[in-house]
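What follows is a pair of complexes built around chain A, which joins chain B in one and chain C in the other.
The block that comes next holds the complex of A and B.
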């Protein structure tokens, strides 16, 4: 059910010109910025890292805006009552949507790698190519599970859109997707360690440039699963509250 | 006098009607806090790569911060009329379309200026940038001109929205293009020639250059040429917006597609 649902929602998202534009254009712009910044900073050997990092930034944007607005979008489309009527737990109904947003973000990684290879001649010399091929989907799916917690949390907030708009750059920053977390103030460390995005970025960076890939990937998946459990509880609570107060369809 | 009233009062009324999705929380989160984090992201990236100093990123990103409100605002000024079904009523008005729509850009430019000033202040306080007090009036002028120029750019994009179904694609891509081409985060010398050349025809580029000159304490005289170029770019987009609105309005009437979504 989760696989079929995720595929259905991924197809739905892939019909949206806005989703495609954001998934393709924004990461490519970020990757291009990173390429010129790294070149002018004399760090031309890190271009592949930059392409992968910019792709991960795209995955996060897709999860943040897609999952954060997952329930709200269903409300606007008039389909929220239908999916909540399904004889399944709310989390099982919504997790395909959040996974689909993460899968849509995969466009971003593919686009930045292809962009870097074709336009800037970046050689795709991964230190651990097999690990990269395994870890990238695992991390993307973990971010999709994190999206479930976002979906459940954001629906409780009246100004969730504002929070989503605000959270894009901070998470890019503290997760070390382009900026190494070592240059950030020390107090950001614990915050970064709690985010699956940090470990996803680290695992992919290690698969690209070398390093122990699996511990970072395992932490990313572990945090993702924890978020899924917390998100499932939160969604059950939200659904019961909405049913009791008859506010399920109220935007 | 009546034309001026249409331009200002009409613009403010339209702003209140079309910007209705906002709430204080959303305004602060999206338009004030978001750009500040963007500034910090690029400032730390710049520090790590040692491409340029903090002033380059703080001032550049503060000027760019205005683009968020101005590009999306300008697009909404036209696009939301169609979305809410009021475009036909506006176009039935016997007043000048140019004055009506150019008036729409003014509140968004004011919004952009507020955001730019807040971002500059926040960035300077957080990262410890000292701006000479004598540079503040000139900086305010550079930020205001940049915001107005960007609002005219947004209005031109909004005019394109009369022909396209999904105007949000255009505005999102345009904001990304401004981020890359205006040299706000990558020094123009480090960009390919064609990219730097294209950037000179975009809003923000010259305003950011002027603001950097002023923040470096070089005086208003050194910044005036860049401010003049930004005014020229803004005026060109205002003319383009007026022309596009006229052409697309006529075309929409001819094809009976004015309210088609």
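The block that comes next holds the complex of A and C.
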């Protein structure tokens, strides 16, 4: 159910004209950004890292905006009532949607790599190609699970959109998607350690540039699963509250 | 036979905050103590003016809204305490063209909801095929829903509501905006379902539709039941008010919601 649901939601998302426009432009911008940031820093050999990091930023943006707004979007489409009416736990109904936002974000990684290769001649020499092929999907799905927690908390917050906007860049930075965490101020450390994005970025960096890969990937998946459990509890509460306050439909 | 739907003194108050700078609380008593029961296999009509509380009543029965007070059971399960058991047994179709995934095909929409409702994968194909035939969308199922006409969307909604063979079907103005030919086919399909043992709760603004289909009808206004009976019983109430001709259900309806 989850797999079919996620694929169908990904299909629905990927057919949105806005989504298509964004996904054509953003990877090019990101590849360019990554390349120039690193060239100016004189780290020409880390270009592949940078491209993968930029792709991860794309996944994160997709999860943040897609999952954060998942419930609101379903409400606007009038489909929220219909899916909540299914005899399933609310989390099971919503997790295909948040996974779908991560899946459509995957395209950002592929496209950023492709543009990096075409425009800037980045060589796709992965240190652990097999590990990359396993870890990238695992990390992406973990971010989708993290999305479930976002989906639940965002409906509980009144100014969710403003929050989403303010979270986009800090998380890119704090998780070390572009610059290594070591150059960031110390207080961001614990914050970064709790975010699955940090471990996802690190696992992918280790897979491209060399490193132990698996511990970071395992942490990413672990945090993703924890978020899913928390998100599931929160969603059960959210669903009940929505039925009491009549907010499942667009009033 | 047994009771399929049971409502006991259902009430629902909507509380909302209006205004932005100076929040004001408004309260609407949408349903003020409604009680009725529907036999298994019965086709029960709910008539009433806009804002009477029909949709609110249906949503309390189908678990989308928690009643402010009162109790309701569907197939013996409490709508608040045994939500999931109720949801397994009910279908819900509302009028209008929202509530579908526009950028997916009709077939993908049905596949998705078949998954959500846990229709076993081996059965899905056959079940979806049957329903597409029933609502006459066979041949169009691979087109995106955004290209469907209003009537087609409505028919897709109905197919979706029947995927899991519900015991009780809630139809909230299913014929709204549907052309006369399609509306007649819709009535035929609803009558067939009821004949096959499905319990149906139907709201509509078309008196002829209600008269033709319903075993019993409740007329509600201002959140309360004003009259309840078979179409013949309701018509009989209007006797003498319309001169010498046979009173229609519409005459009875007008007499009930607009007493002179």
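The rule is simple: the second predicted complex is superposed on the first by the 246 of 251 C-alpha atoms of A that agree within 3 Å, B and C clash if a C-alpha of one lies under 4 Å from a C-alpha of the other, contacts with A are read in each partner's own complex, and residues count from 1 in each chain.
The definition used in the following text is that a residue touches a chain if its C-beta (ideal position, glycine included) is under 8 Å from a C-beta of that chain, and two chains touch if they have at least 3 such contacts.
What you see is a predicted model; the values in this text were computed from it and never measured.
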Look at where chain B and chain C land on chain A after superposing the complexes, then choose clash or fit.
fit
First (chain B), second (chain C), both or neither: which does A:186 touch?
neither
Would you sort A:4 into first (chain B), second (chain C), both or neither based on which partner it touches?
second
Scan A:88 for contacts with chain B and chain C and give back first, second, both or neither.
second
Given the touch rule stated above, what does A:121 touch, chain B (first), chain C (second), both, or neither?
neither
Touched partner set for A:21, first chain B, second chain C, both or neither:
first
Quick one: is A:78 in contact with chain B, with chain C, with both, or with neither? Answer first, second, both or neither.
second
Once the shared chain is lined up, is A:163 touching chain B (first), chain C (second), both, or neither of them?
first
Which of chain B and chain C A:244 touches, first, second, both or neither:
second
Per-pair minimum CA distance [chain C against chain B, superposed on A] in Å
10
Sites on chain A touched by chain B in the complex
17-18, 21-22, 25-26, 29, 32-34, 36-41, 43, 158-159, 161-163, 165-166, 168-170, 172-173, 178-180, 183-184
Can you list the residues on chain B that touch chain A in the complex?
23, 25-30, 33-34, 37-38, 40-41, 44-51, 166, 168-169, 172-173, 176-177, 179-180, 185-187, 189-191
Chain A-facing residues of chain C, complex
14-16, 62-66, 84-85, 87-88, 92, 98-104, 108, 111-113, 115-118, 144, 160
Listed in rising order, the residues of chain A that touch chain C in the complex are 1, 4-5, 8, 11-12, 15-16, 77-79, 81-88, 93, 240, 243-246, 248-249, 251
